[in-house]
Amino acid sequence: MKNTFGSSVALTIFGESHGSAIGAVLDGLAPGIPVDEEFIASQMDKRRAAGALSTARHEADKVRIVSGVFGGKTTGTPITFIIENQDTRSRDYGELAYKARPGHADFTAQEKYHGFQDFRGGGHFSGRITAGIVAAGAVALTALRAKGIQIGTHILSCGGVWDRTFDNYKEDISRLSELEFAVLDDEKAEQMKAEILRAKQNSDSVGGRLETAVTGFPAGVGEPWFDTIESVLSHGLFSIPAVKGVEFGSGFACADMNGSVCNDCFSGGESITSATNNSGGILGGITSGMPIVFRIAVKPTPSIYKEQQTIDMRTGQTTTLTINGRHDPAIVHRARVVADSITALTLCDQLALRYGTDWLADIK
Amino acid sequence: MKNTFGSSVALTIFGESHGSAIGAVLDGLAPGIPVDEEFIASQMDKRRAAGALSTARHEADKVRIVSGVFGGKTTGTPITFIIENQDTRSRDYGELAYKARPGHADFTAQEKYHGFQDFRGGGHFSGRITAGIVAAGAVALTALRAKGIQIGTHILSCGGVWDRTFDNYKEDISRLSELEFAVLDDEKAEQMKAEILRAKQNSDSVGGRLETAVTGFPAGVGEPWFDTIESVLSHGLFSIPAVKGVEFGSGFACADMNGSVCNDCFSGGESITSATNNSGGILGGITSGMPIVFRIAVKPTPSIYKEQQTIDMRTGQTTTLTINGRHDPAIVHRARVVADSITALTLCDQLALRYGTDWLADIK
Amino acid sequence: MKNTFGSSVALTIFGESHGSAIGAVLDGLAPGIPVDEEFIASQMDKRRAAGALSTARHEADKVRIVSGVFGGKTTGTPITFIIENQDTRSRDYGELAYKARPGHADFTAQEKYHGFQDFRGGGHFSGRITAGIVAAGAVALTALRAKGIQIGTHILSCGGVWDRTFDNYKEDISRLSELEFAVLDDEKAEQMKAEILRAKQNSDSVGGRLETAVTGFPAGVGEPWFDTIESVLSHGLFSIPAVKGVEFGSGFACADMNGSVCNDCFSGGESITSATNNSGGILGGITSGMPIVFRIAVKPTPSIYKEQQTIDMRTGQTTTLTINGRHDPAIVHRARVVADSITALTLCDQLALRYGTDWLADIK
Amino acid sequence: MKNTFGSSVALTIFGESHGSAIGAVLDGLAPGIPVDEEFIASQMDKRRAAGALSTARHEADKVRIVSGVFGGKTTGTPITFIIENQDTRSRDYGELAYKARPGHADFTAQEKYHGFQDFRGGGHFSGRITAGIVAAGAVALTALRAKGIQIGTHILSCGGVWDRTFDNYKEDISRLSELEFAVLDDEKAEQMKAEILRAKQNSDSVGGRLETAVTGFPAGVGEPWFDTIESVLSHGLFSIPAVKGVEFGSGFACADMNGSVCNDCFSGGESITSATNNSGGILGGITSGMPIVFRIAVKPTPSIYKEQQTIDMRTGQTTTLTINGRHDPAIVHRARVVADSITALTLCDQLALRYGTDWLADIK
């Protein structure tokens, strides 16, 4: 489906960057889950990432919940999140109405929507639309946490600077939940920020990698074909704008290993574990009970201030474009909370499909 | 859905490695498409990849089509492919019935199916089930080719040896269609084969990377969110057993680029193109008309002949296991035709959703 | 899916009777369709049906469109309709919080949502939620009309009074679009109204039948199995609260016919038609080009003012209940525009699946 | 989706009347359910209904299960049923290749499939394709029975003769399971048979009504909108060829009731019940724990031996047609087991969605 993701727990998103409001409808989440508006607000703040590293556009991103919550808890019916757009500068979009920004969806939108798309600020393709995902994801994260399932994402690399990988999953995830700039190694965090600012000064932008871990997730969830856990997670993750790669466990590095190295040997006893986790917690498409671990590649923000060659969509002829406006020199630090949210929503769906719609509910 | 993939054009697969038959039902493909049984057979042969590089199990993989084809053409109703299993050695499976093979789905299947799964030869998790995908994919490939859309996959790396990347897409794809071992550089092909045999001699296995290109695909297909072309392709590709990573265009390498390098600048004129293709032919989730390009990581075959530590699933205690039987020292060369097939099926579905169920049909 | 209906064109609805707002997200409709806010308002008025025949609750039902419309036309991305609830009397719900109203969903909601449901005014089960369907349906109706497809529903019976059936489809549908109380025979209309008022005076309610016709719909749309046109229409129609029966063409009366009477014999020439239309325009699940005709049964409003026996959901014991509040003595006259809307949305989806997402678009 | 029905438990069907085989793939059913091949065969026999009342075509309808069953129990992976077509008389179809049989799908198939459809014996539209549904339904019925859920369908009317309605649900259902001609009143059964034979002698056919009851089904299953139990059941039921109406509980008769009569008043105590069941066990789309009851209208078999007016599809001109071949003078007695099967499959899906994929499994 188009703007709906998930089957038993499903998210529908809507809105345009410079429309009157954006938002999301989260359907199928179990009843009785506490809706913590403060936590939602804090997740929205992490996505906004106000400051020198991000866009100068100022949006309060205040979330109004208009349905599906009663007495502070989910009812089990659709939860609707509405976020009004406020700082949408009324102005002449000029040549952006017909010149395709390189790296953006302007040209492909034109091919799909024949000129009827709202082109202002990227319209429905804008990263701003992820705000609805983050609001809904906050409720999903709360539901999972109550079941002992924790999700955390850090910036593994940005502008060529690399963070350390996960060490102690639980501690690291807990720490990440408090960080605004999600890097485990403080020194590397500062170096990354410096790289982002340097790109900004150069009228350029940088990309990066995110690494996500999920702990406490039960074994036996997922399907052997088509709806493998890798399939459904990647389906969601590749919806995040700018994501161009997803790998699980050792991912592409597996391709260079021998089987004797890549295989995670099981250990028994109180619980079934493995010393290595090259599989990223997924075997045959089904969770093994080991932490689910994956990495995604985020391309550099396509909006840069350098002059670029492009086409005039009215004539199909080559021309040049210099973008003005308010843009991020990097989005990897903002995308991190979107990755957490998509992961939480996807896993809630898988749990509901496997164990039923009440599994996440707070029923005695 | 579980064993069904696609929406307008949908594939359902079934079967177990040592059951009586495996197969697939392909629904929703347009009417009037020629069904070339010789081409299907040749694709099945590429998947079987008989010889020293592959399993010693001998299956004719003869495809019987029992529905959906009339007068040599598709009718528009479900096409059913049945492949009888023949070389299923009747024997005592012994400890494989309760010892989980590392890197395999034995343990996760047990967690999901509670011991009722058919464990013989990996059961429904076996790579053998991809035969149904390849049979259906052959018809999809034929349908696309008639519309000028070509798909080809080569082994980009195997056992540490790298092929050259695509040079002239059309020529390379045409050449790949004739190769049994799909490597563009002949010398590298021989080196890869040597690596696979070396792993075999060491009772070990090797992994690799596949690179796929699609040419002639129209611009404007896909969705901005959730059903982005990357999302739906990765959903299918991550169903191929052993795939642990998927990246589009420059993929993970984008993470290290500046925006000014990563952006593909458009050129106009007779058609809209770009000199670079870091986006892999997809912007904002929608096709741009440039070749769709992606790479997948294939982990080494988990069945190796070395003794490995594992668990006894009856007791949950640690034990050791030495696997016998007939196994592949590599599967990357066999997975290549599966990648082509999944790609063809996914794209047929996207085209039918975008342009309707008759678009691929042979109607004057 | 739960609150989402449709595949290529999909509607998601949300809200509770006494929550802060209700609404809908309409996704997948083609770009370039004019959004006529006046027509939407007139459809909302028909659903509200203010006056003595309906609830005393007063809602302006003003529709705010927050996304998916740009320059007065659809963009092709999700269209979101928000309707604020205004006349939600703050009061003590008293025993309605735990006594199940007979004929209502109070008890089944309790079984499903474990007490977390918003019980006020029926919550998410309220007929009020159909307002979102009607808003979205208005846009779908506009899109279809531009393609020569007309939909109209009349009250075939109410409180034992029967309207005449369709005579000249096009004229009748055109006339119905102007009627507030959709009865073709004026005299019967007055008699029905009298029956509704009489039921009201008796603290009781009445049910009725609706009959819908669709003209101008192309032949060859639908599927032979599972997604037959009857299947997808009935799926939507049975979502309308209080609908307990759906029949196509001659429907249940077919059961008493001989084949020689029931078969609609074809006539050729300029177009393929049949003198009779017992099939209701659908053969083998696929449209024939004849008008699509169906009837639905609407049960009497369950909220009546007589004392009724029921249970106390806290104890599970038998008790009695007398309902106060503002309720409709009949809903069949209000459901009529909901039937039109569901029909329009379902058919837009079927057309998009058959002919692609652009078929309804205004593209030269 | 086209030939796939269901979400968590999904059935895919395939085949043509005169193709080489027909069948079905049942996916998502829980593991550990006993597969009783004798019961499957007895259900197939009820559908075949050999004898004077039915077609003279003789098919053994032997079901071969090629996947998804291991050690006599379901594995949890797709179960594939294959039924070879045997009695497909090789002959010249003559004018049936281009003359549209009235009441059949010949013309609509032509509009949809452009002449590529397999027209022989109705091809994919043939009632014969229900054999796959019945085979799969038999396994679903077994799974439900183990959970105390019983389903039974009787012929409520045929050729103008009416059976009594359900009296004691459990006893009646138990009795129906043993009857070949499913009529509760023996005398009425003989009268119905006489009517069918009389129609046959007149080169004509008769229709009828089926009434289905489900007992032991838990309360709280279903959705308030779109996936109401009425919606999903009617979706499946309207796929059965010749079904033109579906009504739940008192159905169309509700339209003539007052609310005070139609409302089922609850009684508490050990369990929550109601003396009447006008709702058919469904309130607000969700099951109430009362028996689920519905009726479907089956039109008379369209294949009759009288000369009929129709069109020549090659020219679009009016012509006449006299059908020969082997046809049923009624199908209502054969459709009964298809109704049971569709009901069982739909309810298994709903239970899996509500309570998870293991709910029906035999796990200690």
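Note that the chains take the letters A, B, C and D in the order they are written out, and that residue 1 is the start of every chain.
Following the convention adopted for this analysis, contacts are C-beta pairs under 8 Å (C-beta built on N, C-alpha and C of every residue); 3 or more make two chains touch, one makes a residue touch a chain.
These numbers come from a predicted model, not from an experiment.
Should one ask which of B-C and A-C has more C-beta pairs in contact, the pair is A-C. Among the other chains, the CA centroid farthest from that of subunit C is the one of B. Subunit C and subunit D have CA centres that are 27 Å apart. Look at where the CA atoms of subunit B average out and do the same for subunit C: the two points lie 45 Å apart. Between subunit A and subunit C the centroid-to-centroid distance comes to 37 Å (mean Cα coordinates, whole Å). Residues of subunit D in contact with at least two other chains: 1-4, 7-8, 13, 77, 112, 124, 224, 358. Chain contact topology: the protein chains form a complete graph, every chain touching every other one. Listed in rising order, the residues of subunit D touching subunit C in the complex are 1-5, 7, 13, 100, 102-105, 107-109, 111-112, 124-125, 129, 157, 160, 199, 202, 204-209, 219-228, 230-232, 234-236, 238-239, 241, 243-260, 262-269, 272, 274, 278-280, 282-289, 297-304, 306, 308-312, 315-319, 332.
In the complex of the two chains, the subunit A residues touching subunit D come out as 7-8, 77, 224, 353-359.
Touching subunit D in their complex are the following residues of subunit B: 1-4, 7, 10, 12-16, 19-23, 25, 27-28, 31-32, 64, 66-68, 70-71, 73-80, 82, 112-114, 116-118, 123-124, 358, 361, 363.
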